[in-house]
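One chain, chain A, links the two complexes that follow: it is found with chain B in the first and with chain C in the second.
Right, the complex of A and B next:
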């Protein structure tokens, strides 16, 4: 037990060091890259001193190491600073985008997992049928189609031509007048196309991984032994093949979840959704340093956290992995 | 499995049925939806800078005066808004203003002359650093550029006040047309912290519309202020600004009728939008233009010592003229902008009908003439490699262009090919906008493509005066002492005839010396739903005087 706690603490410490390195590298890269956060204050319509004053307000006239020291000091006291662009604390700005991203990403991940596992379960019982062949051939192909293209095609077909779904936004203009149930339906209606856009490539790649693992598992000696012993196909699949095939998939899921939580920029932009991806990219383009740092920190925490959760699940599925992972 | 699919399909169908029922709530006749591609930063008039920010904050906060565009004369006219009337004294050095007696802030307090004085105090305060800071040169000011309130303002009573300007200044309505702010709300904040105050997102205004809700990166909902004197019974109830970052989605939504008004439509989409029966397409004539920047000074010398020594290529006006002659601007106008613009002559927009010199014509596309000028100036291709040289120096440069602007990317290729025909070798470098503009303002480039928007009323000094503290936007460092004198005379009290004559001289000098290669005026294409009546689309904007909008 003590040994486990020691290993766990070591793991935790490694996460803290990773995060520290991540934000330090991003801080330095941001400051040495060209571009100027006060660029928009340089204009024939504005007095030249406005830009200078802003440089001072944002403490950008301080040496780099002083700025870095202030950033770390603020971070340790739980302060992420003020967004130059939103003129609000970074934590409040992130607070407006994060809940959506969490909900959107987790829903998408659940869809991806549920659909891919269901498909593999269905196809494994009917090897070589039409769906199996189609998915085998198409999964990697569709995965390589850019998300933007998928989103625009879905918009064109289902929103523009068939007019079945709205083309953007999280909810209708009349949302405030809806009842609770109507609000729920409205959000589902609006989220259908973005969820398909975000989930389709992931679903297919999960399917591809899981299907390969299941095929490998079926070829293992202990499965052949069970088949020879007359165990039912259903029991073999659910009790032996599937659990053995999931561990590799879970690692992929951990990485995918981390990426999703960092924000789905393309989907958010096409469908006008207020998530972390759009927020981060806009912050980078506008050189909103505190907001970029805050967003990177949050994304970093989520990537590490999702990997950690994936590891825990893997250990629970296969106890032998405990020594190897922790 | 099949049973589950059936159950799931039924659930989806039921959901759609319910949703169809909810559609009965929609009151589209009471609403106009305006599409925006970016969210706003603030609704505080102290810091509103982008066009949507100005449009929206001016619906919430009223100014003493409003403006109209007289298309026939090509000039701005003003009318009283928050002020009931104003009267200039005989020598126009002071103006007496009487406020309307029926205007209230949305929290119920009456608008008074104290609010007016306080607003100007804030706008000019160095600690506040508003967008108007430093522009009150016609007022009596203190050394820190803030307005000397005692000398400049005289409060007569709660609804009347007098503004006094410096002798010899040339004040106009534009000196006092800033949005008026509620003193009792703003004074609760530390002035140094106004930029981050809650007022930026929760305004208390006195305008025809009030902020109902602002969901960041999603939408801004304004509702009509029933107590406003501007609001009529049939005024639009809600104006909804919808943020749609993706241009294709924006286009899709305006076609479907989900958005009623969108600006900056690309020329290639005009035909398909025109085919939609519910849409009308209008153009806001040239207030913005693109140009090929030709640095008149040596960028390297300037970076090293700050010295303004002539650029070895473009320090010579004749070479600049040769470049202008070699660029086929009409081909870009016809092929990319599909005619939605106008060839430039000088930086005075054709919208200012009474101020342009109609005798001047756009520079013709003439390669022979261009080559001749270059040859006469000593630039010839001696080694037959297709690139002209002078004193062993090749005419080979990097043409810098900001990314994300398809028109500038297209025109850079045309410019590159056109100049190649006269022996000038350009390599195109596309830079991210924040990097590009940072370098451009630091005068690091020899040649680049960028653009300007022209202010209303016309103000040429910041763009063409050679003194850097006056001509901050004279990026090419064009220097002409005669032109400086003309610009200084224009900012003094002069008769209309003298002004016209001075402007003619200005245009002649600029056309002859080509400080930059002027390309074209770009029309802003606006798509709007025909259901919106009384929509005014003119150089002042598209989202203005919304209180006059009526839904058919």
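Right, the complex of A and C next:
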């Protein structure tokens, strides 16, 4: 037990080092890159002294290592610096976008997992079913449709032709005057299309992984033994087949979750949603250095953390993997 | 009657279809070839003053067409691929190869050619119009020189982006001197010129600037595949060399490179690519290099793992003792063993690059190249989605079916069916 805690903490430490290196490299890249952040915020007609003053305000006129020291100080204070564009601490800017991204990606992930696992449960009892064949073809087909095309297609059909769902934004115009229940309905109504766009490919990919693993598990000898012992089919599936085939799925989910939490850039752009992806890209294009650093840090933390959690869940499901993973 | 429809039947069918449908262009490009050869020997500084790469493309494409036809008919029994059954992915692969090689021959217009907007804006698919072409014809006695003829044929292929003597109309009525077209607009022809009319069919419609979508799609296919192929080449070189260095040499380098890869994997790659695009500008070469160097991590892991598992085998030790250089050991000993898994990885990487490129163009981040890419066409069409669905639909169909082909071949390589 003691040994495994030591290994866990060693691994966490290596994550911290990785993140720190990443942030430092991006810091250096941003500073040596051509392009002046000040020029984005002031008109070129103004006197050059204004630009110089602004440079001084942003502390960009100081030598590189002083800037780096400032950056580390900001990082440790938890404020992550001061955004040039929003004129707010980066932590509060990210705080406006992060709740939406968390809600959006976690809901999407829950949907993906729930739908794919229930589909597999349904299909594995009826092999060679029509639905089985359909889903097998569909999961391979949807895999080669990029997200943006799914989004555009849904937008065209449901929002432009049938006019069932709104085409962009998270709230209606008169959102502040709604009661709580109406607010919930409004958000769900606005989120339907983005959620489908984000969840559809993932659902089918998860389905594909899980289905092939379940098929492999069914062919193993201990299942035959259990059937011979007269265990019910339901019990075999839920207690033996499913836990044995989840481990690949969980590592895929870990990777997927990390990417989702970094911001679903394409979906956010198509439906005009205020998430992390668009915030990051706008920060990059506006050369808002502290905000870029903050966003990269946050998404890096999420990727590593979700991989870590996936590993822990895998170990809990299958104790034999402990030595292999840690 | 053909019992089974093989791939070489399909190829012959496509080549002859292109030949029949584009007979005039094939003829014109052979004439251009003739005049360029004649002018090369007679006109001073011909290559410097008159020649350009696009004409080489134009001249080569019918030659390639005939070469493909002859090769396929001669080698149909030798090459196994040609005498296998046709299926969707094979058929689409052949269409893609043809559009890549014979782009100027297949595309009817210059992809950037803008017709007059009053007629040609957002035409729906399969709309047919009349093209009016004002041709100078001076004295009959005047015989043009070789170079003038050359320039004339050149101008047939290279229509200017806006050409006043080349217009589109719903209908053209000619009576003696005055020509009427498009809702009673009259034009009087300049002296000594003639009005030619021909039919124009826009199979895939036009976009908001009156450009033919079919031509744009054909050129976009070439550019997208080109970007994908070059980026995959860069990925291959980076992944192979870094993986070899990491697996073959000391543990220190291995540790450093591993940590570096882990670091890169922990950020969504698209943000890093956008960051670099914002830093280095978005010209075509930068896009290719960035997309190529964004995806080497998985190849690195594969190569490193296999190199570590092979490097203590006897044949590697003996090559080392003979005195072969590290580079030669990589090429002669490791590469043939690594190749199957590398190819599988690269095929999937090709799909990833195409998806990433179209996503970046869709966001409007890759800038304007001379020719569009699929993603750029989708990006441009999304603003007109409500009025003109065809601008988005056709590039998406091409994109999706290309990806299906790539995944299908990747899967076949993985299962070692090929």
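Convention: the second predicted complex is superposed on the first by the 318 of 326 C-alpha atoms of A that agree within 3 Å, B and C clash if a C-alpha of one lies under 4 Å from a C-alpha of the other, contacts with A are read in each partner's own complex, and residues count from 1 in each chain.
By definition in this document, a residue touches a chain if its C-beta (ideal position, glycine included) is under 8 Å from a C-beta of that chain, and two chains touch if they have at least 3 such contacts.
For clarity, every value in this text was computed on a predicted model and none was experimentally measured.
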Should the superposition on chain A be reported as showing a clash between chain B and chain C, or a fit? clash
Does the superposition put A:35 against chain B (first), chain C (second), both, or neither? both
Partner chain in contact with A:19 - chain B first, chain C second, else both or neither: second
When both complexes are superposed, which of chain B and chain C contacts more residues belonging to chain A? B
Under the stated touch criterion, which partner chain does A:46 make contact with: chain B (first), chain C (second), both, or neither? first
Which superposed partner A:144 touches (first chain B, second chain C, both, neither): second
In the overlay, answer first, second, both or neither for which of chain B and chain C A:129 touches. neither
Now for A:4: first (chain B), second (chain C), both, or neither, which partner does it touch? neither
Who does A:152 touch here: chain B (first), chain C (second), both, or neither? both
Considering only touches as defined above, state whether A:238 meets chain B (first), chain C (second), both or neither. neither
Now for A:265: first (chain B), second (chain C), both, or neither, which partner does it touch? second
Select, from 9-17, 27-35, 45-53 or 81-89, the region of chain C that bumps into chain B once both structures are placed on the shared chain. 45-53
Just to be sure I follow: which residues of chain A are touched by chain B in one complex and then by chain C in the other one? 34-35, 152, 155-156, 160, 269-270, 285, 287
Residues of chain C touching chain A in the complex: 259, 262-263, 265-268, 270-271, 274-275, 278-280, 351, 355, 358-359, 362-363, 378, 382, 385-386, 389, 392, 396, 399-400, 403-404, 406-407
In the complex with chain A, residue positions of chain B that touch it: 1, 15-16, 18-19, 22, 25-27, 31, 33, 41-42, 47, 49, 126, 129, 131, 133-135, 145, 195-196, 200-201, 213, 215-219, 240, 242-246, 248-249, 252-253, 255-256, 258, 432-435, 437-439, 441, 452, 455, 462-463, 469, 472-473
Mind listing the chain A positions that touch chain C in their complex? 17-19, 21-22, 25-26, 29-30, 33-35, 140-141, 143-149, 152, 155-156, 160, 258-259, 262-263, 265-266, 269-270, 280-281, 284-285, 287, 292, 295-296, 299-300, 303-304
Which of the residues in chain A end up touching chain B in this complex? 34-36, 39-40, 42-50, 53-54, 57, 82, 85-88, 93, 96-97, 122, 152, 155-156, 159-160, 163, 166-170, 172-174, 176-178, 181-182, 185-186, 188-189, 269-272, 274, 278-279, 285-287
